[in-house]
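Heads up, there are several structures right after this.
Two complexes come next, and they have one chain in common, chain A, joined by chain B in the first and chain C in the second.
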Partner chain A sequence: MTYEMNRQDDALIISVSGRLDTNTAPELQEVLDEALDDVSELTFDLDDLEYISSAGLRLLLVAQKRMTKQGSMRVCNAGEAVSEVFEMSGFDGILTLE
Partner chain B sequence: MRIQGRELASNTMQAAGIFSMCWKLIQDDVMDEEDAELFKEIDSWFAEELPFPDPCLRKENVICFFKTENSDLMMRMIKPAMWLLSRYNHPFYVVYTNTPGEIVYEDDYQVAVRVDFVPQVVEFHHQWTNPDGSVTPPA
Partner chain C sequence: MNRIAELTVEATVENIDIVTDFVNAELEKLDCPMKAQVQIDIAIDELFGNIAHYAYNPEVGPATVLVEVDDDPLAVVVTFIDNGVPYDPLVAEDPDTTLSAEDRPIGGLGVFLVKQTMDDVSYEYKDGQNILSIKKHM
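After this line comes the complex of A and B, so read on.
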């Protein structure tokens, strides 16, 4: 898993690629915990994300819970495999998918 | 509306609710760690967003139902827990009722009802369709 962050004022875009699973999610979670301070618009760009497991879903849920309190969050460009996981798990009803 | 399983809870002798079922899978080491962590995050959302019914705090014999009129957000947040149960082939039922029972607690999203009734067994007609194809209504 690799990630790239672009911050503009209070907006943060995080592009995640590869696999977001139990091995990789903790690293991104640690980064997010600090990076979300003072962010009011958070965007996850999942264009190059190949796989997401429960650990990745949990990361998105934690971010969603935090952003509900301090702004907004959207998830963009999820591919077919990741979108299927969102649909099966019910996360398509929790996240704002674009 | 209530999501419940086949197993009976020892305290209420009613079908266990979805949170109890998921916690049991965790306690029995059936659910793997990352799924368990996801469930705990879902559980914490409900703990933060919903009042905890007083009768449940007092461990009275009650079960809880979501109110259907305010259940949209609840249902969206509970779906991942239903997905987790499905992943572990754990059966569950979504139950709607017009007679939940004696309501002893109520807030905007849920009710808690007393469950001190005795289950009744009722005989039904053993066969609805006769050999000649005619249908016999139940007695």
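After this line comes the complex of A and C, so read on.
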């Protein structure tokens, strides 16, 4: 898993690639805990994300709960494998997918 | 059912990648469709991850992963075996996937995803071992 962050004022775009799983999600979670301070518009760009397991879903849910309080969150460009996991888990109903 | 490969490693989250690579190498020999392979990889992350987190906590112990093939219909079976505390992951209630983000609990999704993507998931505790198998038709 690798990620890239692009911050402009109170908007943050995080592009995540590779695998968001048990091993990699905690690392990104730690980064997010600090990076989301004062962010009101959060965008996850998942264009290059190969797959996501429940550890990655957990990270998105934590981010969604936080952003519901402090602004908004969008999840963009999820591929087929990732979209399928969103559907099975019901996350297509709780995330703003674009 | 034919056993085609077996691997025993320490049950740690760091070894999930080793287990995944090992199973993928077998799946590639079977010309497993990419979609099924991704679903099996996710299942490995969930199930081996659970063993790594809970089976021997706070100690570390071994886990064995078997890859077997069923011929009719063609299916791959991956079995995870550990000697840790008895734990049946299949008894947990499925999460309510209709709840809103605010009401959704953090966690409890891993085994549910595995049950959704695999054609069969079975568990037994035998001779001091947790034996958890997933089956995926190809």
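Odds and ends about this structure:
Criterion: the second predicted complex is superposed on the first by the 98 of 98 C-alpha atoms of A that agree within 3 Å, B and C clash if a C-alpha of one lies under 4 Å from a C-alpha of the other, contacts with A are read in each partner's own complex, and residues count from 1 in each chain.
We adopt the following convention: contacts are C-beta pairs under 8 Å (C-beta built on N, C-alpha and C of every residue); 3 or more make two chains touch, one makes a residue touch a chain.
Everything numeric in this text was worked out from a predicted model, so none of it was measured.
After alignment on the shared chain A, the placement of chain B and chain C results in a clash. By the document's definition of touching, neither partner reaches A:Phe44: not chain B, not chain C.
Among chain B and chain C, the chain that touches a larger number of residues in chain A is C.
Judged by the touch definition given at the top, the superposed model places A:Thr22 against both chain B and chain C.
When the two complexes are overlaid on their common chain A, residue A:Ile94 makes contact with chain B and with chain C alike. Contact with chain C, but none with chain B, is seen for A:Ala81 once the two complexes are overlaid on the shared chain.
By the touch criterion defined above, A:Ser54 lies against chain B and chain C together after alignment on the C-alpha atoms of chain A. Comparing the two interfaces of chain A, the one with chain B and the one with chain C have residues 21-22, 53-55, 57-58, 61-62, 65, 88-90, 93-94 in common. Against chain B, in their complex, chain A makes its touches with residues 21-22, 53-55, 57-58, 61-62, 65, 88-91, 93-94. For chain C in complex with chain A, the touching residues are 13-14, 16-17, 35, 38, 41-42, 45-46, 49, 52, 95-102, 104, 106-107, 109-110, 112-113, 116-117. Every residue of chain A that touches chain C in the complex is listed here, in rising order: 21-23, 50-55, 57-58, 61-62, 64-65, 68, 80-81, 85, 88-90, 93-95. For chain B in complex with chain A, the residues that touch the partner chain are 33-35, 37-38, 41-42, 45, 75-77, 79-80, 82-84.
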